[in-house]
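Every chain is named by a letter (A, B, C and D) in the order it is written, and numbering of its residues begins at 1.
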Amino acid sequence: MVPSFGEVSILYFAKSAELTGVKAEEIPAPTPLSSQQLWGLLLQRHPRLSVLQGQVVLAVRQQYIAIDDQPVTLGDGDEVAVVPPLSGG
Amino acid sequence: MVPSFGEVSILYFAKSAELTGVKAEEIPAPTPLSSQQLWGLLLQRHPRLSVLQGQVVLAVRQQYIAIDDQPVTLGDGDEVAVVPPLSGG
Amino acid sequence: MSDSEHRRDAFQLSRDWLSVQEVVDAVGSASCGAISVFIGTTREDELDGRKVTGLEYEAYEPMAQSEFTKLCADIRERWPTVAHICVHHRLGWVEVGQASVVMAISSPHRHDSQQAIQHCINQLKAKIPVWKKEVYDTQDGSWKENPE
Amino acid sequence: MSDSEHRRDAFQLSRDWLSVQEVVDAVGSASCGAISVFIGTTREDELDGRKVTGLEYEAYEPMAQSEFTKLCADIRERWPTVAHICVHHRLGWVEVGQASVVMAISSPHRHDSQQAIQHCINQLKAKIPVWKKEVYDTQDGSWKENPE
């Protein structure tokens, strides 16, 4: 499969938004890629996110995914959220 | 011990009040007597109470007591309630 | 809970509509993160083709109060972190759909108040001298009995 | 519950004070004898000598809604008699002592709503994308983390 690039919307919440200084941004991302590679792209843009290493998960199109080597298929305009540990309630 | 007689207040609740037609009355009762004997006195006065046989307990000075052969000590003016099965809540 | 904050046990038998907010406010505490509430309501029901229109409640009032005091002591022994306990119970006529009992318990963390509220309603039904008669659209009624 | 009565799942994120009565009314049903309610409030607390003045909440709002929908399906599968489910959660600034979440579940008999409400708050904390930052009298704050 030939990788293609799409623009995806990244949303940052809670501590991740404090670390990046932004709440949302568009980034180009090749697809398919693994969630680990996607997280790597975010770390490249925002090295301070590394303090959340091992604690975050992502949400792709509103579905939680662990950060691992499973492939993620992203379409143009898809929404990906960085999800630090939850603390609702 | 020489039995003595005192006046006790009998309170009837729920179905027992419907069966006796009274909510409260004073009756003379020897003391000591068993709760079974006390229940027997009430049955003599109000034979219709027998439909509650095996289902009621008594409350003597606001403490539940089973109907059995345990002795009950009653003082003049003590309050005894006939307690059909509870249905609060 | 700070030592200066007294633990409150409040029990009320009421012929009026019960306010959930009032019962919840009675257990509020700045040291508690959790309030568990239980509301018992009169269900629409049928018995042998007769429709239940409401319930008629009565209580042995002073003993209901003394049994509530015992129940609170029992709850506080089982769940020592429980802060406040409040129970309001209706007397007299309660229409279908209305609350017959509202109870609330507060505690610093949620598991204690959640377990305590279940114990509270179970023990209220088993121990507090209150009775209800189901009244039907045929004007007759029957005294209910809580399961053991 | 009669077939004609729809089961309601209501979720609201709100910047205003939460009304317990409103949440309770949202689950009322003539076929239900029991309503269980849980209220989470902001506790007075200290961290390293700093006093907590309140909490600042945020949510991933559309996903909070979709996770709530999943949670309701899960509850209804576990407790099929559950009638209505309503959860109101605060966003933004919540002062110490105020409710951050109010939830109510109705069922014909009490055990179902009592078990369901415990599952609901546990799963809300584990699954619904909401975060809180504890804010101190020193003006700084720290993001909290629910235990697993």
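What we mean here is this: contacts are C-beta pairs under 8 Å (C-beta built on N, C-alpha and C of every residue); 3 or more make two chains touch, one makes a residue touch a chain.
What you see is a predicted model, and the numbers here were worked out from it, not measured in a lab.
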Graph separation of chain A and chain D (steps between touching chains): 1
What is the distance in Å between the mean C-alpha positions of chain C and chain D? 22
For the pair chain A and chain B, the C-alpha centroid-to-centroid distance in angstrom is 74
When the C-alpha atoms of chain A and chain C are each averaged to a single point, how far apart are the two points in Å? 49
Quick one: report the Å distance separating chain B from chain C, using the average Cα coordinate of each chain. 27
Where chain C touches two or more other chains at once, the residues are 40, 121
Two or more other chains in contact with one residue: find those residues in chain B. none
Chain pairs that touch, by label, are A-D, B-C, C-D
Going by the contact rule at the top, pick out the chain C residues touching chain B in the complex. 40, 57-60, 62-64, 66, 89, 100-101, 121, 124-133, 143-146
Would you mind writing out the residues of chain D in touch with chain C in their complex? 19-21, 24, 28, 30-44, 96-97, 108, 110, 114, 117-118, 121
Can you list the residues on chain B that touch chain C in the complex? 11, 13-15, 18, 59, 62, 81, 83-89
